[in-house]
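Below you'll find a set of structures to go through.
Shared between the two complexes below is chain A, which has chain B as its partner in the first and chain C in the second.
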Partner chain A sequence: MITIKNLNFKYSGTNNYALRNINLEIKEGELAVIIGSIGSGKSTLAKCINGLIPHFVNGIMSGEVEVAGIKTADIDISDISKIVGMVLENPLTQLTGYGTTVEEEIAFGLENLGLIREEMKNRINSVLKLLDIEKIRYKDPFDISGGQQQRVVLASVLAMKPKILVLDDPTSQLDPSGAEEVFEELKKLKGKQTIILITQKMNIIRELASRVIVMSKGKIVKIGKPIEVLLDYKLLKRNNIEVPAETELLYKMNYNKKIMEMLKV
Partner chain B sequence: MIEINNLTFTYPTGTNALKELNLKINDGEKIGIIGQNGAGKTTLIKNLNGLLKPTKGSVIVNGVDTRNVQIADMSKTVGFVFQNPADQIFNPTIKGEIEFGLVQQGFKKNEIKHRTDSVLKNIKLYEKRNVHPSNLNYSERKLLTIASVLAMDPKIIIFDEPITGQDYKGKIAVEKIIHSLKDKTVIIISHDMEFIARMVDRIIVMCDGRIIADDSKIKIFQNNKALCTAFVEPPEALKISKKLGLKPCLTIEECIEEAKKVFK
Partner chain C sequence: MLTNYIKKDSLIHKLNPAVKIFLALIIIFLSFLIRETYKLSLFSALSFILAFAAKIPKEFFKTLGFIMTPLLITLVIFHGILNPAATQVIATFYFLSIKLDGLIIGFNYFAKLLSFVSISYILIFTTNPADLVASLSKLGLPKQAAFVTLATIQFIPLMEEKAKKIMDAQQARGLRIIGGIIQRIKAYIPLLMPLILSMLDEAYERSISLELRAFFSKNKRTFFREELWRKTDTITSIILAVIVGGIIIV
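What follows is the complex of A and B.
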């Protein structure tokens, strides 16, 4: 579903490459989680997948990004947005303020797609049901909790039926219950939708991810199964990524078998 | 010392954000305030530095009633680090950002230079002192806002979500600075319970504009009712120590120490 070959990118006005020789293949239905410290290149990679790079952000790019079989450099950004849906960190930066209800907020993107009224209605009903937000259908999107706002953003994006969903740290501005709401929705989507999730929340990776991609200084330094990455103390430390408490303990206790059994690792 | 008596705060929209709060915070205490968004945490801390004035009741900071002083005067006693560094940075250079508050408070030139250089060295931004703050990454900008508050040397420092959006390295840098504030009263709002467990001694749990629990961190993290009401999960270390049958531990370092005694 996504193929990236020898991708390099340098923002204009900077000296260092933000992405260096990225090669990556994401299959249909995968939920790939990207982790890495600030400046590791995670968000830049997301911008390459949704076409903001090279169409909108200035810089030097080489290599290829293909989404659903189409090279992002070859089509308009408006066409890429029909293939790749993006959810940003803070829902307030993404809610359009168009109309005064959640329903109208979701309708905004669909109107821009030029869909007929009946199709719009069907899609709105379907995402409201899927994300369990029917009860806030007529509420003001700016008068609901942060978790609900992020679910409305997610609903607006999903209503456009993108083949790929990219979420850039979608819970960093939410409180724990808001974050939980969003992760619960992602669990529902797992397997049904190709998803790339950038997150700093290590505790959800094990349950959610099919693969974990570790980035550092613009490079992919590891791609592995969640448990493989989460238990790799040295890899996480070396790349300035928060080590889960369980991993820290296991490493310091030389992966004691009894402890591993008791913690069900 | 901070004394809060029957504090009620209602926003002009009619939202009753704080309901008859009573609280005493002693000098040098390290306090965590936890609870869901909308619980009243930020409204409470804005009442502590005079950004908001009580609708009813009073807030007395070091013997001064916040209703009777200007915010500028309060800022000499109570430093406030906002959640989003963009809300706090507005000068064209890093150095200027630190100097601004000191100039406003009427410090002499020599003292301003001494304090500015000292805090910038502390956060390792001295070499970049003439650079525009927009050239810093998020973590560095956060450190800059903390440094601009520290430069004024207030007795009480309030941190609103200091590690939100920070990566591991950024969190460690913030932790180091807060740990160094030994003689200050420190009040932290955070959703990160691992961070709260490492930084504070006492925790105040808020829900729906009220304080529903106020106790030592170990007691709060074992108070399931309060945690559930506030939608808060205890630190991972506590869960792990329970699974391993160890005495309750709040940090993973403690947990490792205890595990070493039991598992040879």
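What follows is the complex of A and C.
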């Protein structure tokens, strides 16, 4: 579903490459989680997948990104947005404020796609139902909780029926219960949709991820099963990633090595 | 909500946005064209009546007062006292003399501004922004331009909200805004930089969000909200046309 080959990217005005030699293959229906320390290039990679790079952001790009068989460099962002949906950190800047109700907010992207009213209604009904936010349908999107706002953003993106969903740290601006709401939605979507999730929340990875991609200084340093990555104390430490308490404990008790060996066989 | 739109159930709110847009455009145009202060005042009076009809007098006059009072003071001082062309002195304090003809010019400018600011706020306060943008695009404005209009309308409430947040944060960290005017102004300076920076940041993120929602797509845009032209729209248009025509003639 996503194929990335020898991708490098440098923001204009900077000296260092934000992405170096990225190679990645994501299959249909996967839920891949990307982790990595601050500035490791996670968001930059996300921007490459949805075409913001090279179409919107200035810089030097080499290599290839293909989504659903189409090279992102070859088509407009508005066409990519039909293939790749993206949810970012801050719900407030993602709500367009175009409409005065949740329903109209969701309709915004559909209007831009030029859909007929009947189709818009159908799609709005089904995403509201899927995310269980029918009761806020007529509410003002700026008048609901952060978690609900982020779910409305998610609904707005899903209504555009993208084949791939990319979420860049969608819960960092939310309180724990808001974050929980968003992760609950992702659980519902898992398997039905190809998803790439960037998050700092280690506890969620175990539950959700089919694969974990670890980034550091613009490179992918590891791709593995959740348990492989989560229990790899040294890998996490070396790349400045928060080590889950269990892993820390296991490591201190020296079990970690044995478990890692067991996993390899 | 990010706009100034005030949700109410009123005849004015229900009017087709095109009627309000045309009325606003015509009055704005006439405000620049017409010289007579009394005619200009009649246009403002029309907006005032519409504010009551729209059940938003409180919000309307509060906003108007907030925006127009400093303008009134500036214009009166500038033309009544400082305009070198004015000659008819009516009162003198020390070396400052207030001149009648200057005051008249000042009030005339004020009447012009009041007339078009009033009708603009009627439009903004009573029209759902989605409908406003939709109508503007249907009237032939490119959607980018229509959206810029919306963004501009959203800008002020957004800025206020941001300013409040940053001020709270700074006060929590010990910034004190008390004392004389100079001290107060000085105290606001540290607020400005973060305000501008965060507004720029957000504007960037917002434009990304629009990209991601296919806003710049070349498809012909469709509209979710149904917009109907009702009989009341025709009747109101005729009444408004008669009133505006009447004001021009008298």
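The criterion applied here is as follows: the second predicted complex is superposed on the first by the 255 of 265 C-alpha atoms of A that agree within 3 Å, B and C clash if a C-alpha of one lies under 4 Å from a C-alpha of the other, contacts with A are read in each partner's own complex, and residues count from 1 in each chain.
Basically, a residue touches a chain if its C-beta (ideal position, glycine included) is under 8 Å from a C-beta of that chain, and two chains touch if they have at least 3 such contacts.
This is a predicted model, so every value here is computed, not measured.
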On the A-aligned overlay, A:T171 touches which partner chain: chain B = first, chain C = second, or both, or neither?
neither
Just to be sure I read the superposition right, which of the two partners does A:Q150 touch: chain B = first, chain C = second, or both, or neither?
neither
Which chain, chain B or chain C, ends up touching more residues of chain A in the combined arrangement?
C
Would you check which partner chain A:L113 touches, where first means chain B only, second means chain C only, and both and neither mean what they say?
second
Name the contact category of A:F142: first (chain B only), second (chain C only), both, or neither.
second
Figure out whether A:T72 sits in contact with chain B (first) or chain C (second), or with both, or with neither.
neither
First (chain B), second (chain C), both or neither: which does A:Q200 touch?
first
Over in the complex, which chain B residues touch chain A? Could you list them?
36-38, 137-139, 164-171, 191, 194, 231-233, 235-237, 240, 243-245, 252, 255-256, 259-260, 263
For a test of understanding, state which residues of chain A touch chain C in their complex under the given definition.
50, 52, 56, 76-79, 81-82, 85-86, 88, 90, 92-100, 103-104, 107-117, 120, 140-143, 156-157, 160
Spell out the part of chain A that touches chain B in their complex, as residue ranges.
36-39, 89, 145-146, 169, 172-178, 200, 203, 240-246, 248-249, 252-253, 256, 258-259, 262-263
Which stretch or stretches of chain C touch chain A in the complex?
1-3, 5, 7, 128-130, 133, 147, 150, 154, 202, 205-206, 208-226
